[in-house]
Structure formats: structure tokens, C-alpha cells
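Only one structure is covered here, and it is reproduced in the block below.
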Amino acid sequence: MSSKKARIRLGMVGGGNGAFIGEVHRMAARLDDRYELVAGTFSSDPQRGKESAAQLGIDSSRSYDDFATMATKESAREDGIQAVAIVTPNHLHFAPAKAFLEAGIHVICDKPLTSSLDDAIALQASAKESKLLFAVTYNYSGYPMVRQAREMIASGELGEIRVVQVEYPQDWLSTDIESSGQKQAAWRTDPALAGAGGSLGDIGTHAFHLTEFITGLKVKSILADLNAFVLGRKLDDNAQLLLRFGNGARGSLWASQVAVGHENGLRIRVYGEKASLHWFQEQPNQLQFSVLAESPRILSRGGATAGTSANSVTRIPGGHPEGFLEAFANIYTGFADAIEGTESENAALVPDVDAGLRGVRFIEAAVTSANNGGVWRSID
Amino acid sequence: MSSKKARIRLGMVGGGNGAFIGEVHRMAARLDDRYELVAGTFSSDPQRGKESAAQLGIDSSRSYDDFATMATKESAREDGIQAVAIVTPNHLHFAPAKAFLEAGIHVICDKPLTSSLDDAIALQASAKESKLLFAVTYNYSGYPMVRQAREMIASGELGEIRVVQVEYPQDWLSTDIESSGQKQAAWRTDPALAGAGGSLGDIGTHAFHLTEFITGLKVKSILADLNAFVLGRKLDDNAQLLLRFGNGARGSLWASQVAVGHENGLRIRVYGEKASLHWFQEQPNQLQFSVLAESPRILSRGGATAGTSANSVTRIPGGHPEGFLEAFANIYTGFADAIEGTESENAALVPDVDAGLRGVRFIEAAVTSANNGGVWRSID
Amino acid sequence: MSSKKARIRLGMVGGGNGAFIGEVHRMAARLDDRYELVAGTFSSDPQRGKESAAQLGIDSSRSYDDFATMATKESAREDGIQAVAIVTPNHLHFAPAKAFLEAGIHVICDKPLTSSLDDAIALQASAKESKLLFAVTYNYSGYPMVRQAREMIASGELGEIRVVQVEYPQDWLSTDIESSGQKQAAWRTDPALAGAGGSLGDIGTHAFHLTEFITGLKVKSILADLNAFVLGRKLDDNAQLLLRFGNGARGSLWASQVAVGHENGLRIRVYGEKASLHWFQEQPNQLQFSVLAESPRILSRGGATAGTSANSVTRIPGGHPEGFLEAFANIYTGFADAIEGTESENAALVPDVDAGLRGVRFIEAAVTSANNGGVWRSID
Amino acid sequence: MSSKKARIRLGMVGGGNGAFIGEVHRMAARLDDRYELVAGTFSSDPQRGKESAAQLGIDSSRSYDDFATMATKESAREDGIQAVAIVTPNHLHFAPAKAFLEAGIHVICDKPLTSSLDDAIALQASAKESKLLFAVTYNYSGYPMVRQAREMIASGELGEIRVVQVEYPQDWLSTDIESSGQKQAAWRTDPALAGAGGSLGDIGTHAFHLTEFITGLKVKSILADLNAFVLGRKLDDNAQLLLRFGNGARGSLWASQVAVGHENGLRIRVYGEKASLHWFQEQPNQLQFSVLAESPRILSRGGATAGTSANSVTRIPGGHPEGFLEAFANIYTGFADAIEGTESENAALVPDVDAGLRGVRFIEAAVTSANNGGVWRSID
């Protein structure tokens, strides 16, 4: 009889109050109950860091003011963290990543790896030397249908790849919001914090990783036309690239943060000699598969034709989009509010026993109607 | 400085190994870190119950062989459960729900509430009398864009409602799989376990609840034509209903589990005097909104036009479909496998430091290409 | 060596200036060059009839003031019409159809056949007795992918049919436009002109015909809930029906002219034991085909998998939506304006020789760029 | 009282039996009844040319063996052609176009204008000198929603244009079909007949024209990467281009005839400072319009928000896709077969008087059912 293993002790650098990606990392860590967040340097502002720690239920003795202290102290504890998640802006990836590796702690680091190439090369060397594990959260590679695409291409279902069209348009930087103090925009458009790439680093790297991840090919050379359309912006907000792959395939990559009308439109299309695949991040549960001279097919996550690599990361059946879990969680969280006496709209909307009774009345009325040959019947 | 509240202590009845919906409830409870699962009667088979408890990390002293003992013992503990989730087949909702209410424990119960109308009426009475909280997991009402639809209708954006078309087609019961031992199918097609409704109870009740939830209207009377298309099946696998609402609106409701090609196609369309709304569960982040004599608009979760009730249950920005979190979690879970030394395809696919370096090389090459006027440039 | 046959001499009753459907009939007759319109009673107002005839290029001697005279005179001519198209409101179908049959002339009649059941029965008898040909323009049955669907069902690809869901929502009668003199609305909402059915007769009959046409099944019995949502309207503007088919299949039919957001949303879904089909009139070139336990496929008109009955009515290749021809015709018509010296925006937008030259410059520049290894190149 | 003008007398060069595009030109010319085809040199093979003429109903005296004779003779006739349509392969555009211009006849010429740049420059000069009209059939510019897009951009609804993404993928040249005698493929892949561009000339020029037509901008410079993926093919079957526009906008253009899964996927997306537009040729009746910080809207041809330039080339109402006319024509043509005694599946499927009667029975049964409160009612 197998028992549950203890959860992995996790620390975090960055991700304090109001940080979008830190909370995403925490929810991701919690979903499969494999991690326990026990320590952190949640902010460069010590007071804000402490507050965040308290709100996250972290023992105050393990809320640190700086990552260096955290690395030292945690590595000295018997029950110290086994892994750390680094969720700071790009220019603050390198130093903590290096510090935790040196402290013998596995690293999960947001992308892009660093803000300069020299740092990236150095960090790779540190990681190799340390024999520790190092993950970069190119999170789009985690989608089941991305895994499915990769598996199909690897197994030869497309034949030799000829063309790859990948794009990642957004529109949130269409105007000069960095000047009005929007924090997410401010660091992403500042070369000192983001590095040499604007949209290129923030989203282009996702598109690039996805391209190599899905196709299994290496991009050999690229040609880029980078522009900053918003007046005064120092980093690119639109990047047009042509790609040449090692096997002779060609392609294009477009990343833009001024493409009005797109929220997070990562899309990849791969064309081989025999077939093609098309995946769109905003409808992630589908994958279009077109074989030459056959009708295009819509593969679905959890569907009849999903392969093992997709199924191994699938939690719920086909047709239940992955947001199903969040919707379900909303009911639970609303009920938690109710139990704790927290007034919230979410609590107020939790279906109650009256709704339950009404559903049974519905069944009863329908069955009675049908049993009488199909006649009108009151619900109440 | 606010600190995190203690998590709510949760028990579960049903949901042992291999049960789909039990694991969904657990992930939902975990996502926002508001609950801690500490006790359970996970199976009617005590041995299987114990194994499930061990795998879930539940202390063996709080793994019970029957729900009655669990209710008694837990209510006697200082640290006993505050709420219980009942995730058994329909006919096993009533007795445990009643028992836990009588033990002073809040109840989360799967739908439909019970397998008979008498039980439902009795349970409603118990719940009211107990003054305890009672939630029925009509989970589709938890989607942000369902909340958005409800809010828009309540605020009068559609005018008086005239027509509601709701449907919930699936195809997994298109053949006689209950005879081949498929457990999920077996109880759902057995009147003794499921009650009077087949597809009607399993999915029709979801459609019915959603209709009243979104519109704020009450269905006054219905007319039903129920069929079992699969030979020998005792409960309906296809239900066609007409609806008449209290305000004079009309509609139809179709629930089917033999509708080949549909995975989980819950769809609702509401037409008012001034505008209409259209929501489809398999693309839950969008909501189509059409005002008379205007072009239809696609509202999106987290988008510019989302209202407060949707935003209050939204965890991630527009364009990041809710499955984004699961994809992210796949990276975390693969990395957990790697840390623990568990060999898995998921672990093998976690982007590593080399992928990180490669991303930075990509930025470097692109910037150099562009700075030279748009010329070809090697990645390596 | 085969020569072109002479075109069929066609007459028309109704369809004068400003009538939508008359012009549709004429364009349809012209498209394949099989008919020549040579006579007509284009309006009940003789002056308006004459003007319409002149604008249509009909010889004034064959522009008639009433259909009875037209039937008599045309049947007496050596070169009289061989067929007549009746495109008047419903209550004016019966008398002319009967008159032309009695005059020995084939009839093309708009739907519904007549405004009363007695008339329809009498007209059927006349038609049978006459041995003449009689067509009712249930035009949706003319779409290639509708023919494809019919052929696939007839050949057994779906197995026994179980469920049919058909709907035809529009929104143009959402308000009381008949009171403001809108002519199309006025006769369709007047029982004296339209007959007993409002949306039922105008569009419900299309949905009904399509259902029997595609499935090859007969509807055995129906149950209807009809409503007029717009205050004071005498005929239904919303019709909810349940269907029972001869073979035991079930279904529903919804026709509505108050369904805000729908322009002409005829949609049919047919579910069999083995597979299903889904066709939507507003995207008529596609047909979704889902086989149990396989991924859904998108069949396309002119595509690799189209069958003979679809191909026999297909004029242009797959991917060229049928509107391709209209777009092409717009260029021709704009050019005709230009030749005739008629000033029009359409004439102004016809691509000219400069556009032609520019296209060749584009090719030249692209080839030169590529031949030099991929370098920037000016177009001019 | 205005009368119909005489139709324009049209000749054709090319377009004999089996030519796809010739028949398209003829249907386009016929649709609005503005042209009459009276002469032609339908094939370079005189016998085949004569047969085609006979089948088209052209008087044998006006079926010519070569275009030069045709130009001379027709220009000498009192009733000679006023315009000629040139629908031959690319290398046979220049000579006849020049000849007809010199004979004083307006020219409609297929694209690309010529197979060499020198020819194109010379032809432009001839056309200018002649003072005659010259149209190049960039037919995609004829779609109403393309006109709509152009009008919206011209009126400033998008603000300054920043990015244009245009693509035209097809898959019909994915294999070496030119070697197996496919005639359409053979000339398009032969530099002697097609010119310097393969996919570039055949479809890239359409994408290029559409880009400048819709945006009103001029492309200033381009960078191209051209490939022939099919072994032995002499012209590009895949073209990746970057675009720089006169106003500083950037873009990419992708034309491919080896993009498996695409039939005729011309798609253009234009992003401005304030809004964006997205049009896809395979669903030509829709146009997506997204304003910054608003929900995307789906504009439709003939819909409430269509502008004057679109409406002036719109024949049928919104929701009636333009293929509606072809479907309608199929009924007419099937009926023509029936009248002429030609046996065809199309003739057999024309809805007849029985179908008409059945529709009226349907109305009668539905009304009776509803009038009795919603009860089952037989159709027959």
C-alpha cells in the first residue's frame, strides 16, 4: 500500500502582493499537491516582503529581506527548501539563480533566463557544474495539446517539416502606459531591467522556445526587423523575423505588443510534407491536424485520439476545458468565504440546497411529462 | 498587517482511487489554498478506502469505513472537519448529507441533490433546520463569463427575456458501454442508483440550473420527450424539452448522451428584446454579446469589458485561458518528478537551463540582425 | 461536336423594382446561362410593372398587367415562355400557379406553396394532372454541402438516425417594423397575405424541408409552441417545436424572427448511431462530420472528400467560397460602368494597368532579394 | 422611364473547355447581365477553340484561331466587341493585350499582368497611350468586406497603420503533380510560361495587391526568402517576405502552395494605433474589427454597420452568404435539366409540388398543435 510522499519544500524570490506571475507560480505548485511553499524573499522592499509572507501563511522566521541570506539560511536548515522559484524581473534572475545553485538548491526560473547573454552563459555553466536541476518556465510547453503536437511530429506524422509560422501578438503596450506608472510595463520597456529585447524577450522567447520544442528542429539563422512604434519607447514593441531551420525548413516569427485586438494570441502552425498542425493558445484544448488530401480534423485534449504524452498531463476529460477546474474552484472558494463569514458576491452565488431541490423537481416534472406522452407540466 | 487565515478542515465521502469527480473536487479545493483535506470515507470498500486515504496523505486514524462513524467521530474532535464534500453516486447523497448536517458539519454535495424528490424535500428541510451551509456543485455556474452573463442580464442589458435555448450534448453513452463494466456508465444508467433521470439527471439538471442562474427567471412549466436510444437502456439518454418561463419567455432544453461528436457541449443562448448572449462551455473564456442592429461583440474573461462579478472570480488576465494554470502546473509537477527522481515524460520535457540559454541567444541574434539593418544571423 | 442548346424562355410573376427575391431568382437563372427572361407581370400596379419590364430589357409587348392575360397570351405564342417563376407574396402563389399550369407552362414557385392547406392540396392535384414540371424554391437544398450531407446519410455513413436539431433564427422582426411601413415585414405578419404561419411559414418551412431533404426521413408528428413576442403582432414570430420521426428519431425545430444577433442562422445537426453531421448556412462551404470515437473533421465544398452529388453542383474549387463569383462579378460590373461612362465607386476601384505593373515589380523585387541571399530591396 | 442599356459586347482569349478561370470570368460577366459574350479565341488549338465556341453558343464566324486575327476582324465590325477578357497563362497576356489595345478594344486581363517586368512596363505604356480602359482581375479586391475594410482605414478608424500581416497559403502543389500532367500545375511551375515567380506570381501578387488596396499604403521595400520544397521544381512554392511601408509600418507576407491543409487561405490583418481589422477569404462575409480596449466586433456583409462602398457591391442581405445565389442557381439549373429532359441528379433533387404541399401541412399541423395548448399532432 503506497502512501503519499511528503511535499517538496519550496521557496520563492519575488512574487509579493500584486505580482501576477508569482501567484500563478503558487497556484501551479499547489494544483497537484506536490509542493509546500515555506520560505521567501517576496519583495526587494523588506516591509512589503514581510506583509506578503504573512498573507501567504509563511512563518515570519522564513521571510527574508534578501535572497542571499535566504540561500544561506535555508541551505543550513535541516528542513530547508529543496527548490526555489525565481519570479523577479529579468535583470534579477541571474544573481539569485546563481546563489541558490551554489547553496545546493534546485532552481525554477522565469524566462528569459537572464537579461544578458554573458549572464546566461555563466548561469548555464553554474547549473551544469552544480548537478542540480534547473527549470525555465516556458509554460506554454506544458499544455497537453502542445505535447500532443510534439509527439505527433516526433513520430513522423507530418513527414519532413517544411514551414513553421509562429506568432505571439498582444496589444497591452499599444500606448505609452509605462509613463503612467504601470509597473508591469515599466520594467519590460526599460533596457536596464529587461535586457536587449522588449517584446522579443517578453514573448518572442516563448514563441521561439515553442517552435523548437514542438518541431524538434533547431533554428539555424534568423533575420529580424525590430521596431518601437510607441514614441519614446526604448525597446522593440514589434518584432518581425524570418527563420531558417537546420533541415532547410523556413518560417516566420512575429511578436508584437502593439497588435490591437489580441490579448495573448500565441499561435503556431507547422507544415510538413504529409500533414500540418495548428495550435492556438487561446483555445488550447484543440489541435487542428490536416493530412494532405484529407479533411482537416480537430483533435481535442482528452479526446479519443490523444496520445500518451498529452494524456499524461491531462487531469480532466475531453470537452471539459481546463478552466473547468477554476470554475469548480470558484464554487469551493465562495463556499469557503461563506463558512468563514466573509461576505462576497462569490459566496452569495454558491448554488444552495434550494437549487438542489429545484433540480430534482425538474427531473420529476420532466419524467412525468414524458410518461404522459409529452404534456405540459409545472415545475413547482 | 493581515495574516493568512487557517485553512478550512475538509472531509470527503466518496472520491477514492479512479473516481474522476473526487479528484476534481480536491484540485478545486486546493487551488486557492482555502481548504485542507484531513478526513474521509473514500470508498464503500474499507480496504480501498484506506488505500485511497494513504495515497492522499490522510492520517489513517481519520480514514473511516462508513460515513456515519465519520460524522460522529469528526464532530467530536476539537480539530474535526468543518465541511464535508459528498461525491458519491446520486443515490448515496441523501443519507450522508443528512448525517453530516445532523453532526453540525457544513455540506458540499454533488448534483443532482438526491435520487428522489421525497429525499430532496427532506434534505432541504434538514438543511434549513440545521442553519448550516449547504452547497450543490452546479459547477458551471462558477465560470467567470457565466457570472458576467448573469450580471449583464440582471442589469437589464438584454431587456425583457424572450427566448432561451440551452443544450447539453455528449456522446459517451452512444453505445451500450454500461454492459462492458464501465463504472461511470453503470450507475448513471441504473434507476436504482441514479434515480428517475438518465441524461436528464446527469447533465439536464446542469443545463436547467444554468438557465435559471443566468437569466434570473424561473421556469414555470416544461414538456418533455425522453428516449433511450441504446437498446435495453432503462433511463433516458436523450431528452427534448420545451420550456415556458414565468415572464412569458419560451425556450427549449436538449440533453443527450448519444449525440455523436460532442464531448461536453453545454451551450446557452439567451435572447432579450434588446440584445442576446451566447456562452459555450468548451470555449468558456468568451461570451458573445449582440445588441439589436449592432455588430456582435466577443467579450472575454479578463478583457476590457468584463464586469465585477466576473472579475472577482478571475485569477489570470484576458487571453490566458484558464487552462493556462494547468499548463503551468504541468511544468511544476514535471519538475517535482525530477526532484524526487521519478522518471516521467513530463519530467523529461521540463525546459532546462540549455533552453533558457538558447532563448537569450535568440534575443541576442535578433537584436544584432536588426541593428545591422535586417540581415541574416546565426543563432549559435 | 455539341453545340449550346437554346436558352429556356422564362416569364416572371412579381419581382418588380425593389423586390429582393425577384432579383435573386433572375441572378440564379442567369448564372449558368440556361434561361432567358422574356416576359413578366412584374407588379400588381400596371405602371410599376411596365417600368420594371423596361429596366429588365423585356419587350413592352410582353410586359403584362395581370398574370391571367400573360398565361393566355404566352401560351398562344410560338415563342412563348416555357416556364414561369412566381415570386409574389404567399397568398398570390395559388392563382397564378394554377393559371400557368392550365396554360401548359412549367412552374417555379416560391415557398411556402400557398397560404392555405386547401389551396396546396388543390394545386398539387393540378400539377399532377397537368404532367408539367413544378419546382418550389426551397433554395437551401441547393447548397453543395447540403447535397453532400444528404448523400452521406443516404449511403449509411451515420447509421440509423437518432436525433435532429434544426433551427432558423433571424432578428429582423424584433421590433414592430411592420407598423412603420416596411413592406417585407408588412405582408409576412398579415394573416390575410401570409397564411396561418408567421416565422413558421416564412422560415420554419425551410427548416422543415431541409430536415426531410437531408435525412431522407419523414417527420411523423410535431408539437408546437408558437408566440408573438412583439405587441400586437398577429402571427407567430417565434416557434418552438418538438419532432418525432417515422423511424423513432426525435428532434427539435426552432424558428424565430426575434432572435437578436442572428441574421439568417439556419443550422442543422443530424446525429446517427455511428456519426453526426453539422451544417450552418452562414458558412455553407463547410460540413462538420464526426464519427464516434474519432476526431471531428471539417469537410469542404470542392475538397478532397466531397462526393458526387455535391461536386455536380459545384462551380469553383475548394477554398473559393461561393461568394468568390460575386466578388469577381463586382470587378466585371465596375468595369462595365467604366466602359459605359457611368461614374461609380465600383468603377473607380477596378484594379488598373498600374496595379498590374506594380504586381510585376513586386515579383521582380522579391526574386532579386531572394537571389541575393535575402536582402532588402525597393519595390519601385 | 429608364430602359435597360444594351449589354457590352465581350470577347475572350483563352478559357476553352476545362479551363477553370475562363468559366469564372464568364459567370462573373453574366451575373449582373451587363455583358454578352460574342467572340473568342478560346484555345491555341483551333479545333478545340471551335468546339468551345460552339458549346458557348458563339457564332462560328466569330470563333477565331488566333488573337491577332480576332483583334483585326472584331475592330472592323460595326458590332465588334467592345472589350476583351484575356484569361491565358501569364506568358500569353502581353501580346494579346497589346494587340487589342491597338485595335481600340478595352482589356480585362488576368493577373499577374505579364511574365516579365519589361513587358509590364511596355504594356502600361500602351494602355496609357491608347486612352482605353484596362482592368486586371485582382478579384479579391471585389469582395464587399474588402471594400468595407478599405473604407474604414481610409476614413481613419484604425489611426496610423503600424503592422500588416498578410498570407496566402494553399496546398495543391505539395507534391510534384506537374510531372503527372496536371495542366494547371504544369504552366505555373515552368519559368518560361509563368515568369520568375511561382507561388509568388500566382498568389503572392494577389496578397500584395490586397495589402496596398486595403491599406492605401505603398510598400517601400521588401526582403524575400524563396524556396522550392518539391524536388526538381524550378520556381518557388513557398515565399516568406518582410515588408516595410512608406509610412514606417512593418509587415510580413507569406505565400505558399505547399502549406498542407490550406485550400485558398488568403488572410489579411491590419493593425493601427487605434484599432485593427481581420479578413479571411474563406469566410468572406465577415470582418473582425477590434478597437483598443473594446471587445472585438464581427461586422457582416449587408449587416447593420456595413458602409456604402460595401453596400454598393452587395446583392443580397446579411446572413445570406454570397454562395446563396449559387445554391439558388442550382435549383434553377436542375429545373432547366428537367425541362429539357436531361437526366441529372440535380434535376432529380429539385423540390417539387409534393414538397410544397408538405410544407403547408407542416404549418397547418404546427398551428393546430399550438392552438390546442401545445399537443402532439400528426403531419399527414
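Observations on the structure shown:
Residue numbering begins at 1 within each chain, and the chains themselves are lettered A, B, C and D in the order written.
Going forward, a contact is a pair of C-beta atoms (placed from the backbone, for glycine too) under 8 Å apart; a residue touches a chain by one contact, two chains touch by 3 or more.
Just so you know, these numbers come straight off a predicted model, no measurement behind them.
To find the repeat of C-D among A-D, A-B or B-D, check which pair has over half of the same contact pairs by residue number; it is A-B.
For the interfaces A-C and B-C, the C-beta contact count is higher for B-C.
For the pair chain A and chain C, the distance between mean C-alpha positions equals 48 Å.
Between the Cα centres of chain B and chain C there is a gap of 43 Å. Looking at chain A, one finds that residues 223, 225, 242, 244, 262, 296, 300, 303, 374-376 touch two or more other chains. Interface residues of chain B, counted against chain D in their complex, comprise 223, 242, 289, 293-300, 303-305, 374.
Within the complex formed with chain B, the chain C residues making contact are 162-163, 165, 167, 171, 174-175, 223, 225, 227, 229, 238, 240, 242, 244, 248, 250-252, 254, 256, 258-262, 271-276, 278, 288, 290-292, 296, 373-376.
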